[in-house]
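I have a structure here, written as structure tokens, and I will follow up with some questions on it.
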Amino acid sequence: TIQHLFKQIFQASLTLIEDNHNKGLLVSRKRKSKDTVIDLGTVQIGDGIPKIVAGPCSVESEEQVFQVAEVMARQGVKMIRGGAFKPRTSPYDFQGLGLEGLQILRRVADHFGLKVISEIMSPADVEMATRYVDVIQVGARNMQNFDLLRAVGSASTPVLLKRGLAATMEEFLFAAEYIVSSGNDQVVLCERGIRTYEKWTRNTLDISAVPLIKQESHLPVMVDVTHSAGRKDLLLPLAKAAFAAGADAVMVETHPNPSVALSDSRQQIDLPTFEQFMTQLRESRFLPELLGTR
Amino acid sequence: TIQHLFKQIFQASLTLIEDNHNKGLLVSRKRKSKDTVIDLGTVQIGDGIPKIVAGPCSVESEEQVFQVAEVMARQGVKMIRGGAFKPRTSPYDFQGLGLEGLQILRRVADHFGLKVISEIMSPADVEMATRYVDVIQVGARNMQNFDLLRAVGSASTPVLLKRGLAATMEEFLFAAEYIVSSGNDQVVLCERGIRTYEKWTRNTLDISAVPLIKQESHLPVMVDVTHSAGRKDLLLPLAKAAFAAGADAVMVETHPNPSVALSDSRQQIDLPTFEQFMTQLRESRFLPELLGTR
Amino acid sequence: TIQHLFKQIFQASLTLIEDNHNKGLLVSRKRKSKDTVIDLGTVQIGDGIPKIVAGPCSVESEEQVFQVAEVMARQGVKMIRGGAFKPRTSPYDFQGLGLEGLQILRRVADHFGLKVISEIMSPADVEMATRYVDVIQVGARNMQNFDLLRAVGSASTPVLLKRGLAATMEEFLFAAEYIVSSGNDQVVLCERGIRTYEKWTRNTLDISAVPLIKQESHLPVMVDVTHSAGRKDLLLPLAKAAFAAGADAVMVETHPNPSVALSDSRQQIDLPTFEQFMTQLRESRFLPELLGTR
Amino acid sequence: TIQHLFKQIFQASLTLIEDNHNKGLLVSRKRKSKDTVIDLGTVQIGDGIPKIVAGPCSVESEEQVFQVAEVMARQGVKMIRGGAFKPRTSPYDFQGLGLEGLQILRRVADHFGLKVISEIMSPADVEMATRYVDVIQVGARNMQNFDLLRAVGSASTPVLLKRGLAATMEEFLFAAEYIVSSGNDQVVLCERGIRTYEKWTRNTLDISAVPLIKQESHLPVMVDVTHSAGRKDLLLPLAKAAFAAGADAVMVETHPNPSVALSDSRQQIDLPTFEQFMTQLRESRFLPELLGTR
């Protein structure tokens, strides 16, 4: 019985310590119970209405982005993604168009009334990026690039923070804390699959991350189904699952001609498939609100 | 260009080899395109209508099972689960009531018109089990206990096969193939989370497994949200995600008094919480059909 | 400072609880500080002298085993391994020669004065196996096949228990506890690599497992370098690392003609390579004692 | 038989493609068969003689570094490590002394004739770092911070590149390729444990990485046993295993008073333990050469 008592003290201690630990975080729901909504003007993330973000893996040309944006606009999608600065495993792979890529995105997005999400990899590029993009993406490989986190935290442009390849939920929230504690509270957290032993998918979509973040934090949650699956045939069911689990938005990659794409040619869907994806999402009982996006 | 040609031949070869490999499997959709439906008489698994399986982790007493079954029946749930032979990490933990547990399950289930799902761990117990249960469960730790797979494959009672702790999808389907090739084609595949580095959940629910199995196989798919999460507060969003991804059924553990449960006391929900879980599932836009289960 | 005090109490509690937990185990060094030595008559495991276990993945014919054993004997290796009951992912792969395989192993081993290690997968086969083998192997897939653990625990033949594909150290020791608490304290623990995301090796040899087991338990430790690496070119450095970390024995697979082996053809080394492996181990500064095995 | 032929073509194709892929890399042994030796003047890494790198996790004060360096010098250790720019999960944890930390390291190192290894996290800090350190460390979290890789690749100071938390071997070598292809071929690769499900160690030391890198690349290999284990009681056996597997150097953290260290207080060893560690390494049959370091 003394052992029992002891156990209780122990458990209580444990809870107390963890409570203290998390209560302090600016990203914690304990500090701010109300959902953070990212307001991009013509579209919001975290307002309770499911959103789709689409676009090519890499920006390759103005024509390519135009073709994608045209279909997106027709489908009522308001946010375009596209990589201009590409984090590539090999230094010999296509590294992106850089500044020119951001300029293409901006011009095409403005033409169709879209908002732009694009990744940067260097603190030195933050200021430049804020002139062209509406949301700065911090990629999975840079989730613990603390200098970059502080740099985007000093800007006023909203940030899309992707979960690291093998980051724990705790590390993910602390990475967001770096941004918010630097002054920028406009952060969206993006689950994009974690690295496991399974080989039939490129990564393992950790669907539990969605409700966990919603519970622990007030920040909105996005799910990148393309990088999670790494294959085209799972995008629709994973998008449904993401929304069912409480995600605020789903990101999907689409390209006018995936087979010749300069990156991720295996996992991007072509434009007719993207339209079909949107139609099926809208027709499913899961997403009546998406109807409103048309 | 010769390199390009070469690449194409290579890819074609790869596809061909894999095709040949999978086409042969009895569990493959290439061998049988029509969905397998497990017909338990008063309830089916795989008929397109989402189902819930509920019950305590361990059978502890007739009274305990009775209390659970009463609530389940009120909620329109038709299948009860409960452990009589318990696979426990430590030999000093509660090992289950054995035969007596199966008898309790059967009596209570018959009283409420429920179907029984329970695990056995030894080939020697198969025949005995078939007298008491409607579905024999093969647990995660025994997914590659090939003697057990062959033994349940020789029976005519349907089998619920759980994915191993760190089994690949390929190994999972091959384990099912052991059962089906032994003569029993009544197999349900159950995703229950895989082992990863993440610590905020007991296991990582591999939601992609659901659409992958539905594509590759004609067998029905269940998702055990309790073992996936290992915590009570994620069950509802994970159940919704599972159905949204295409699962035929969801399994959840409930106990009249979880805090004194002889196993898994942290992750079982109490009966009022279970009723709330059912109500919220039914009220969600995701599961109108569950209304019909009442 | 009160927080600091609190932290100390907390840490002390944690240590105490874990201490109590582990002290109870029969496999724990806290219960028995002296190393367990498995005495097979002409050879011991755990006596402080590094040992090699070798042999083919599967027993295929008497001639095949004879060829291997001949080279082994010449190299001073005293223990032969060979699979007669094979756990195979696919039901259509070679399942082993069964009883005939054990009989071949016994006859050849007796001819060369070797000891036999072979796997069984069913509790029903334990008694039969004890008539032919000197050490019963419980494979990785059966590490938590508790019926099998209890069955080999009731025999008096020593047991080689392999770590599960993704078993924690704690689960591994508890699995051994099932055997020892059933009455058989002659258990060797075998690390054989765990499942991770890394693709250049079949499994990831968890070298830390060796000193961890030596600290926590009095049981001897073996390392299966063949299954850890899943490739031939790492066997020598991994064997050296295993011994340097404190392993009592190393297991390696060798086959007269690996390219036509009925299982694991990619990872078995041929006999000249095996002789070279032994020579290089012996010549290395790491294993002077192996000289004595010649 | 046509299928057999087909398989052979397939395998040949596979090998050819991979060969082409790797042959191109500057870090590949296929491009340069001779071992790269990092020459720091009074000490070399990769010259065939095992080396130890030691020092505190974080630089906290000149006195602290002095105490450590004094013991190191007495033990014949020539390279001191210490963190001045600390990558910390939480923004509220000690972030390091920055420039002042590097200056302390330099002064103390010069006093004892040691070489300095220290981490920087920002491309902007490279030039400054080259004035104080002999080897720039790129930490695990920044292994794919491509801007940083290019920046250190443009410097002429040698680089210690740590493997990412869950990086594959392929990604690790490609990260090194970013540095070498930017002009700096003085790179040491450091295995520091990977993230797995196992909980008794902080990370899982992937010992196979050592011989794999030695085979695939001409660059020297270090093993950080402190971060691999995350506990003090495994350092000696892991260091032995690292050297046995072919590592050129082992890194270990030591602190005058670990219990009050500002970071990693659980895993740093105190100075008497460090001296014991060195003595035991030297006395072991594994490292006669270390005698020469005294």
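We call the chains A, B, C and D, going by the order they appear; numbering starts again at 1 in every chain.
Here is the rule we use: contacts are C-beta pairs under 8 Å (C-beta built on N, C-alpha and C of every residue); 3 or more make two chains touch, one makes a residue touch a chain.
Quick caveat, the model's predicted, so the values are computed rather than measured.
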Chain pair with more C-beta contacts, A-D versus C-D: C-D
Farthest-lying chain, centroid of Cα atoms versus that of chain A: C
Chain centre separation in whole Å, for chain D relative to chain B (CA means): 45
Distance from chain D to chain A - Cα centre to Cα centre, in angstrom: 33
Where chain B touches two or more other chains at once, by residue number: 166, 170, 195-197
Residue ranges of chain B touching chain A (in the complex, touch as defined): 166, 168-170, 194, 196-201, 204-208, 210-212, 214-215, 228-229, 233-234, 237-238, 240-246, 285-286, 288
Chain B partner contacts - residues on chain C that touch it in the complex: 24, 87-92, 121-124, 141-142, 144-148, 164-166, 170-171, 174, 177-178, 181-182, 195
In the complex, chain A residues that touch chain C: 3, 6-7, 9-10, 13-14, 17, 166, 195-197
